[in-house]
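Input: structures, listed below.
Look at the two complexes coming up: subunit A is in both, with subunit B in one and subunit C in the other.
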Partner chain A sequence: MRPLNIMVVDDSLISVRKLTQMLSEMGHSVVHSAPTGVAAVASYPTIRPDLVTMDINMPDMDGIEATRQILAVDQGALIVVVTSHGQQQMVLDAINAGAKGYVLKPIREDKLKDVIQTVADRYLPV
Partner chain B sequence: MFKLHRPGRLSDKFLAILLPPVVLATILVSVISGAIDADRIRAEVAAKRQLHTETIAVALATPLWNLDDGNVARILTTAVLDRDITGAVVYDDLGAMFGRAGELHDDPSALGATPIVLKRADAVAELGRLVISFRTDQLRRTLIPQVIRDIALLVLLVAATIGAAILANRLVVGRPLDHFRAMLESRDDRATPRRVAWVSADELGTVFAAYNAMVDRVAAEQAAVRASRDRTHEINRALARRNEQVELLLNSSGQGYLSFGSSFKVEPEYSQACERLFGRPIAGASILELLPFDGADGCRLFRDACTRAFAEDDAYLAEVVLSLLPGRFEFGERTCDAEYRRLASGRLVMILTDVTETLRLKARLEDERQRFELIVRAVADPRDFFALLAAFDEFLARPGADLGDGGAIATFDLRTVQRSAHTFKGLFSQFGFRALPEALHGLETRLMRLDGPAPAAPRPWTVPAAAVEAALQAADVRGALARDLEVIRQILGERFLRERGDLSIDRRRLIAVEAGIAAVAGTDDPTDRAARAARLLGDLRCLRAVDLADLLAGPARTVPGLAARLGKRARPVVIEGPCCPVDPDVLLAFARSLVHVFRNAVDHGLERPDERRAAGKDPAGQVRCTIRRGPARLSIEIADDGRGIDTDALRARLVATGRIAAARAAALDRGALINAAFLDAVSSRDAVGEVSGRGFGLAAVQAELVRLGGTVAVDSQPGVGTRFCFDLPVAALDEGVPAVAPTTPRAIAAAG
Partner chain C sequence: MTDHPVDVGFLVTRTAERARAFLAQELDTPILASRFALRDVNRLDLRELTSIVVVGGPVDMIVAFSFDGALLEQLFKIYVADLTIENHEREIYIGETAGDIINTVIGNLTADINPGGRAITFSPPVIVTGARSLLRYKEARFYTVSLETAYGALVVNIIGPKQLFDKYLNYLP
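Let's look at the complex of A and B:
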């Protein structure tokens, strides 16, 4: 699949680094990383990435609210939430807010690749 | 059956039958009646004339020319007295009216007047004409009975005609229709209607032909209906068979299948296994109440996710949402895996598979495997195994170096206890013990919590023996040991445990020893004897000797398994070098302690496969153990091809744990840093785990080195690997076993 421009939203630098590395290995470019939901919402209109990975657990604005606000700005935004085990209710809330998929932590490359590929094939205009 | 072929229409048939007789009869009747009528009147008139003539002749006894008017008038009046006569006129022979009486009309002949010629009896000459007009209607009145008779005849005739018509009807129409009606009435409802056996070209024939055609059609349709009904029966039977098979399949698969719609009510078609699982029939029950959710939150998640899945048109998103549903449920004692499928009709199918037995089996298998591992390790390495047990027994008796001054309260140096506990944990883990390493981990935790601040090394950290014993008991170390040994005892028997530490001796060596003894006894020369005795001693020592590589094999074996557990890959350790027989009693402890070096190499040294691939390395790491032998030294080198020591992290950790002051830490070069790492309680990792956690590992190695008078050098290159080089002095023997004897402790020099 074609390389995507991805924005990574996570408050943990280590996670951002790890995710960036994985995504780069798949051939995508991480064009921006935001440490908070607020920052993500603020930078989205300028960056306009193809896809956003959003950590669900973040202080100040959680991933679900950020998802909602980004979708308010851009209806076609593709957001994949990153979540730990046992947070199914939050994932459901995120999907109801408009997210298109999720990956579980610890992130496995094959699973991440699958989700991104499926979401991009299905929802990205060619 | 009556057959009339020629006339084509029924009315024609009737006409053909009726018309001739009717016409004939009418003609006949008219003629007859007219004839009779005329005849009658004529007869009547004649009779009356006769009568009147006689009357008048009687009255006219005198000749008429003698009559006077009065007499004529009188005769005429008398004549008229006859009911049927309306008038009489006498004309003389000259035609003149001689006398009249009654009504007369202008044209008497029109009234049926009958001229009567009166004649004198004695004279030939006529007297005159008497015209008498008769009242014909009166006449006719007398004819009424005849007329009536005529009418009656006519009526009879008409009746006869009608009779003929009816007969004709019966013959032509009635009989076939009766037959038809009889056929219809006698018809059995269930039987096919029969054809009418009537063929003619007239209307009846057409009707019957149409009827026959209809009968044929009905018969054909009935046959079709029967065939269709049979087919339906066949299909129903096949369907019932299929349903039976599906039900059988569902019910014997042992899996619970159930479905529900957006109302969450379970639909009646579910497999029997569901009743076993839920303990009752579940049709119509709410799935939200049936499933054993994880609290109200679990129930809410299920309901919200299902609701979203029902309403979602996007098949992919629906599947994503369904993936959030619980994959496992605990039904009391039974555990079930749950799968979900979305049906096109807006329903959800749940497939519950009872995995209780599978899980139990897996747990048992795992248990068995671990026991097996334990057994195998014990059998493969019995010497090590029993030496370890012996050492541990000693540890339990006296956990640490006794610092006591011989006084009443025994005290131990906590650090030695910790080190031993840590080392034993690693070694028992290597041998596949389960309960004991866990118990030792618990012991370590408890020891860490013992009261009192840690004094700065290298001063001993004194704790009372009772506290250590208490910790031992609290962690149930002895109990754990007993439990693990029980496994060995069950499989290998009590004998195996009892005969610990027996030596198996190579036959050839024993023969060599025998020869050696013979050699010593075979000489009287003291010098010679001494030399031979020394050689014998060497041979005897050889009996106990073990190849160093064998000693190292044990600790090295843990590497691939440990790597796998940490999500890394490591090839089996390569031990290379010359055969090096050593005294196991001396070197065993040191060899064992090297397990920490191996584990460190995997834990800290080797990178994850993707990191290695990114760095262009083989995703599987390789640890090498090289043995080198010199005349006075023995060196063991353990090298990994990992990422090297992160000196910055190490430095930071040392400062953070207060081992070394920040300023001094900054000043230390890499070599010195690594040396400092050998001190207690240092680990360059944040998390403390069973593996390589507490920093005791390398310290344990250091302790052994000190005991043996050896040195260690560490070399590390970032991204390339780390190498630990252990150097041990060897007391030389004549061609015997290099016995590494403890010498005076020397300072440890670390090469940079």
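Let's look at the complex of A and C:
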């Protein structure tokens, strides 16, 4: 897998730092972080990352709605939900909104790596 | 997992169990003793720092994790051990640690509850600093579990109905 430019969407400063560190160790670059769904939707068109990690619980707009709005702008957007929310219904809501993967917090580096690899293999050109 | 309507006793015990497991497994801080008050109590004593989430949908309660200062310092050190935190960021990240703990515990807890296909929502955490007491009045209900560690207590509080309070646990007029 080639190194990816990734946008991290999360209102937790620690989650942003941890994700940035993990993704960097995997060889990817975090090119932008957004603390709310509204900020993510606003910045996505100019950043155009290869992949977005998306929290669900955020101020202003949750990650499910932000996923829908980003996909309305770019049908090819690759969004992986990274959240503590473990309810089956929320996983279904995220997938129905168009998310390509789901990683449960606390974040395990190996799990995150597997999901990104799977999404990249399936959706990104070699 | 339960299909039954969300029962407060179940909610309190599962929240405490999830918190216990998170501290022990993720933060290397075992719980030495637990003190449950599963019947309504008349007063909550909030510790040095409290993280609060409002849980919506079929749960309709407020959850507040109240930390003794020494315990939160210890949890912070472990939680950010792999990150570089500058001195001027320290206070912010101690609060963030408390916020991440309640967010992760309550988020994971939603997997234990199945209220007939309805999504359980919860707010981003807010942080309140300073010890204070909250007295029960009107129709408020308080339930509490104190999880004791070698560094002090994490007190898990379940408070409802949520409509009586703002997100900082002040009574609404």
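What we mean here is this: the second predicted complex is superposed on the first by the 124 of 126 C-alpha atoms of A that agree within 3 Å, B and C clash if a C-alpha of one lies under 4 Å from a C-alpha of the other, contacts with A are read in each partner's own complex, and residues count from 1 in each chain.
The rule is simple: a contact is a pair of C-beta atoms (placed from the backbone, for glycine too) under 8 Å apart; a residue touches a chain by one contact, two chains touch by 3 or more.
Small disclaimer: the values here were computed from a predicted structure and weren't measured.
With both structures fitted on chain A, tell me whether subunit B or subunit C touches more of subunit A's residues.
Touching more residues of subunit A than the other partner does is C.
Let me test your reading of the model: by the given contact rule, A:18 touches which partner, first (subunit B), second (subunit C), both or neither?
Once the two structures are laid over each other on A, A:18 reaches subunit C alone.
So in the superposed three-chain picture, is A:104 touching just subunit B, just subunit C, both, or none of them (first/second/both/neither)?
second
So, does A:5 touch the first partner subunit B, the second partner subunit C, both, or neither?
The answer is neither, since A:5 touches no partner chain.
Which partner does A:69 contact after superposing on A: first (subunit B), second (subunit C), both, neither?
neither
Just subunit B (first), just subunit C (second), both, or neither: which does A:88 touch?
So A:88 meets both subunit B and subunit C here.
Is A:58 in contact with subunit B, with subunit C, with both, or with neither (first, second, both, neither)?
second
With the touch criterion stated at the top, can you tell me which subunit A residues are shared between the subunit B interface and the subunit C interface?
Looking at subunit A, the two contact sets intersect at 21, 88-89.
Provide the residue numbers of subunit C that touch subunit A in the complex, in ascending order.
On the subunit C side, the touching residues are 22, 26, 79-80, 82-83, 92-93, 96-97, 99-100, 103-111, 113-114, 117-124.
Once bound in the complex, which stretches of subunit A touch subunit C?
11-15, 17-18, 21, 57-59, 62, 83-90, 93, 104-106
Which of the residues in subunit A come into contact with subunit B in the complex?
Spelled out, the residues of subunit A in touch with subunit B are 21, 25, 88-89, 91-92, 95-96, 100-102, 109, 118, 122.
Would you mind writing out the residues of subunit B in touch with subunit A in their complex?
Residues in contact with subunit A: 297, 300-301, 304-305, 308, 316-317, 320-321, 324-326, 610, 614.
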